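Got a structure here, written out as structure tokens. Questions coming.
Chain nomenclature is as follows: A, B, C and D, assigned in order of appearance, with residue numbering initiated at 1 for each chain independently.
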Amino acid sequence: MPIDKRVASAAQSLEGVGDGATVFISGFGGAGFPNVLIRALRERGPKNLTLVVNSATHRYSLTHELIDANLVRKVICTAARGHTKDPSAFESRWMEGKIELECVPQGTFTERIRAAGAGIPAFFTPVGFGTELTAGKEVRRFGERDYVLEPAIAGDLALIRADTADRYGNLTFRYAQMNFGPVMATAAKLAVAEVRAFAEEPIPHAQVQLPGVYVDRAVAVS
Amino acid sequence: MPIDKRVASAAQSLEGVGDGATVFISGFGGAGFPNVLIRALRERGPKNLTLVVNSATHRYSLTHELIDANLVRKVICTAARGHTKDPSAFESRWMEGKIELECVPQGTFTERIRAAGAGIPAFFTPVGFGTELTAGKEVRRFGERDYVLEPAIAGDLALIRADTADRYGNLTFRYAQMNFGPVMATAAKLAVAEVRAFAEEPIPHAQVQLPGVYVDRAVAVS
Amino acid sequence: MTPLNRLQITWRAAQDIEDGEVVNLGIGLPVHCSDYLRPGVDVVIQAENGVIGAGPLAAHDKIDTDLVDAGSRRITLRPGASIVDSSWSFAMIRGGHIDVTILGAFEVAANGDLANWDMRIANRGPLVGGAMDLAACARAVWVIMEHVTRKGAPRLLERCALPLTAVRCVSRVYTDLAVVDVTPHGFLVREIVDGMSRDELQAKSGAPLAFAGDCKVLTAPPIALPE
Amino acid sequence: MTPLNRLQITWRAAQDIEDGEVVNLGIGLPVHCSDYLRPGVDVVIQAENGVIGAGPLAAHDKIDTDLVDAGSRRITLRPGASIVDSSWSFAMIRGGHIDVTILGAFEVAANGDLANWDMRIANRGPLVGGAMDLAACARAVWVIMEHVTRKGAPRLLERCALPLTAVRCVSRVYTDLAVVDVTPHGFLVREIVDGMSRDELQAKSGAPLAFAGDCKVLTAPPIALPE
């Protein structure tokens, strides 16, 4: 049967997602947030999620809705500070001890995700050495520098945003929309892309920015 | 001064390359060999080179000319077997003990190069565990699998082949020409690209396959 | 007793490739599996050099020297193909994104150990390429090989004698005489060619064989070998 | 004695950016350095979110919500720009491909330790972003900050009191009062504003200052702060 990864609705694209899932959510700097999928996930309502997302609260992302709905047990992120004067939904729950937080330097964050998708269980990095974010981690000297051993972060579900998808799941991205999307798709058991539009024809090979091999389902949202 | 990485000749693109350099050479499966640069390197004639190249002897590559000219002290590669019935220039010298050989699984080869360009001194991989190619290397169990610690491979010079370059050093590749080129460029102190042709205008951002940040010099060869 | 020829072994292996899988086919015999997929089966063929979606060989007048597979064959792209660099290609392999790889082999051990990269040929340099990556990391590793060596020595063994490619990786072996699964309890024969007894097959194997309750006859349509 | 205002500090730092460099400018004040490059200096501005070659802010009628920098500002691309994913972007940073990063800071220690990510604000979550990656891995890490806190406490210290961003990473500090190099022997003042004595500057610093033999007057052209 010819490969076809396009599905009809965001709800359908999340079939099989259950409680306790580790969920990647793409987006950075205001671009690439899969907001339709985030809302569909909230409506689906799986509990005890671990979110792996650059920012626990970004003004252009709907990530906070998952937190507001009490679906989230833990957040792994690089930015946990809200953007308003008052504490965010995340910050309130975190201070109350209801949500666990792991704050990770951004390059380590993306490399740990890439590592999971690339079959690497752990790698050494100079980033974070001597800081409290790597307290307790294994340290080793290579040459004249000190490095920290960082483990991969694998996930159950990746929600990413792209511009177009073809039937094979190949993706193109607009400008800075790419950010964490590609590596998140590689590291999740189920990778779902929301796209502006489906490409009617296969995307020409030189325009593909993420091979469909990594994308399980795609849904067009406009 | 506006950035301009284009140089007039292959000879000029190798200025500063000296004895003892570790040299990456791209190319795999018949595509992406920087043969004009390889010949220019032979003509320049630095001695005691370490070549980091997928194949010590590929029928479409001129790598063997560097070996024939006795410029090579060591080869790090994934394929050290010639393609003719008789031993290759490399194999003869290797058997005579004149050239050192490090044979590396291909995914480990490219990941070790990527690691150098990405600031990672070492990473764990499952590939090669329990084989003679990883004998003596540090082994560690993560979950239910055994992994080997592999170090980065950094270089002094990368010779890579691409299709077009613009003044900023941005590159495009044709089909399978890409292979090791991008990671090799990231891991070398001096990255030189030979291209079919210079692009008169800046390459549109979505068509750039390797950012010019990684390319120091580009030479058009046709 | 009619052993399968080399292309028939390839055909047999290809019958087990499932719709929608991502498949990497080893250099040499395994690449021919793409010619024998079951009707209607759509797969993505990954080549280590970064071609994701390799198509058939290029016609002579359509050859492009930049469009090659890992075996330097001039190929085409199937619809939906893309091309990545070696770093992505092997991240894909090592990360477990290849559903099946089909590889040639010299020896397979009863615990799934594979020896397929180094025959210890005198006076020749080693050649490992992507063999270790594929063997260690594809979700399923299938082997295509003659059941015995040219000298008649078994290739299914208690332990590999040749240098290993990867440990405990092979799940299934297709030979000219049988289809053999590698299970936690050792080799389990799923199919055996017509006219060969179980004892005869065992005699050509270097490790104990168990036979599946529903052990079938291994058959393949006639396929002529090229001259 | 006329301390530099915040934009003048930015201007001063920008004067030291060399032609052809790859530069990452921190969120907040440092991004303004791109407005004050010396005439003829051509650089590549890298943003952590993957924009390689960020240009000026987009005009109001040219805004594209997908074209942003790491600070969510709607920007443009300069000629020759490209865009990579976060994995490549941070590989570029961690791999030492950024010639200079200019960052804001709370504290800098005499050994180059930097504290710029966590002020320990009560009831707020931590925010590290790419600060640790840039501080640990850019070839040169320059800091822009007021010489003292709002309460008058020094920010140049023997040891940082706030949580570290990276150890031994800062090479130069631009303040409203001075330009200070971090050397193996501690702080070395290169420039000091007119009318301020060395003793006065020392009194506003929490670690010993040495003064360069050719210590100059720190000056900047008038730049009005926005309302």
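Just so we're on the same page, contacts are C-beta pairs under 8 Å (C-beta built on N, C-alpha and C of every residue); 3 or more make two chains touch, one makes a residue touch a chain.
Model, not experiment: these values are computed from the prediction.
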item	value
Per Cα centroids, the chain farthest from chain C	D
B-D or B-C - the one linked by more C-beta pairs in contact	B-C
Distance between the centres, which are taken as Cα means, of chain D and chain A, whole angstrom	29
Rounded Å distance, chain C centre to chain D centre (Cα mean)	56
Whole-Å gap between the CA centroids of chain B and chain D	35
Residues within chain D bordering two or more other chains	83-84, 90-91, 93-94, 137
Two or more partner chains touched - positions in chain A	111, 114, 118-120, 125-126, 175, 205-206
Pairwise touch network: line, ring, star, complete, or other	other
Chain-to-chain touches, reported pairwise for every pair that qualifies	A-B, A-C, A-D, B-C, B-D
For the chain B and chain C complex, residues of the former touching the latter	28-32, 56, 58-60, 78-82, 87-88, 90-91, 94-95, 101, 103-108, 110-111, 113-114, 125-133, 174-183
List of chain C residues in touch with chain B within their complex	47-51, 64-72, 74, 83-87, 89-91, 93-94, 113, 123-133, 136-137, 163-167
Of all residues in chain B, those that touch chain D in their complex	1-3, 114, 116-120, 166-168, 170, 186-187, 202-203, 205-206, 208, 211-214
Chain B partner contacts - residues on chain D that touch it in the complex	19-20, 22, 40, 42, 44, 46, 52-53, 77, 79-84, 90-97, 137
Of chain B, residues touching chain A in the complex	111, 115, 118-127, 142-143, 145, 147, 151, 172, 175, 205-207
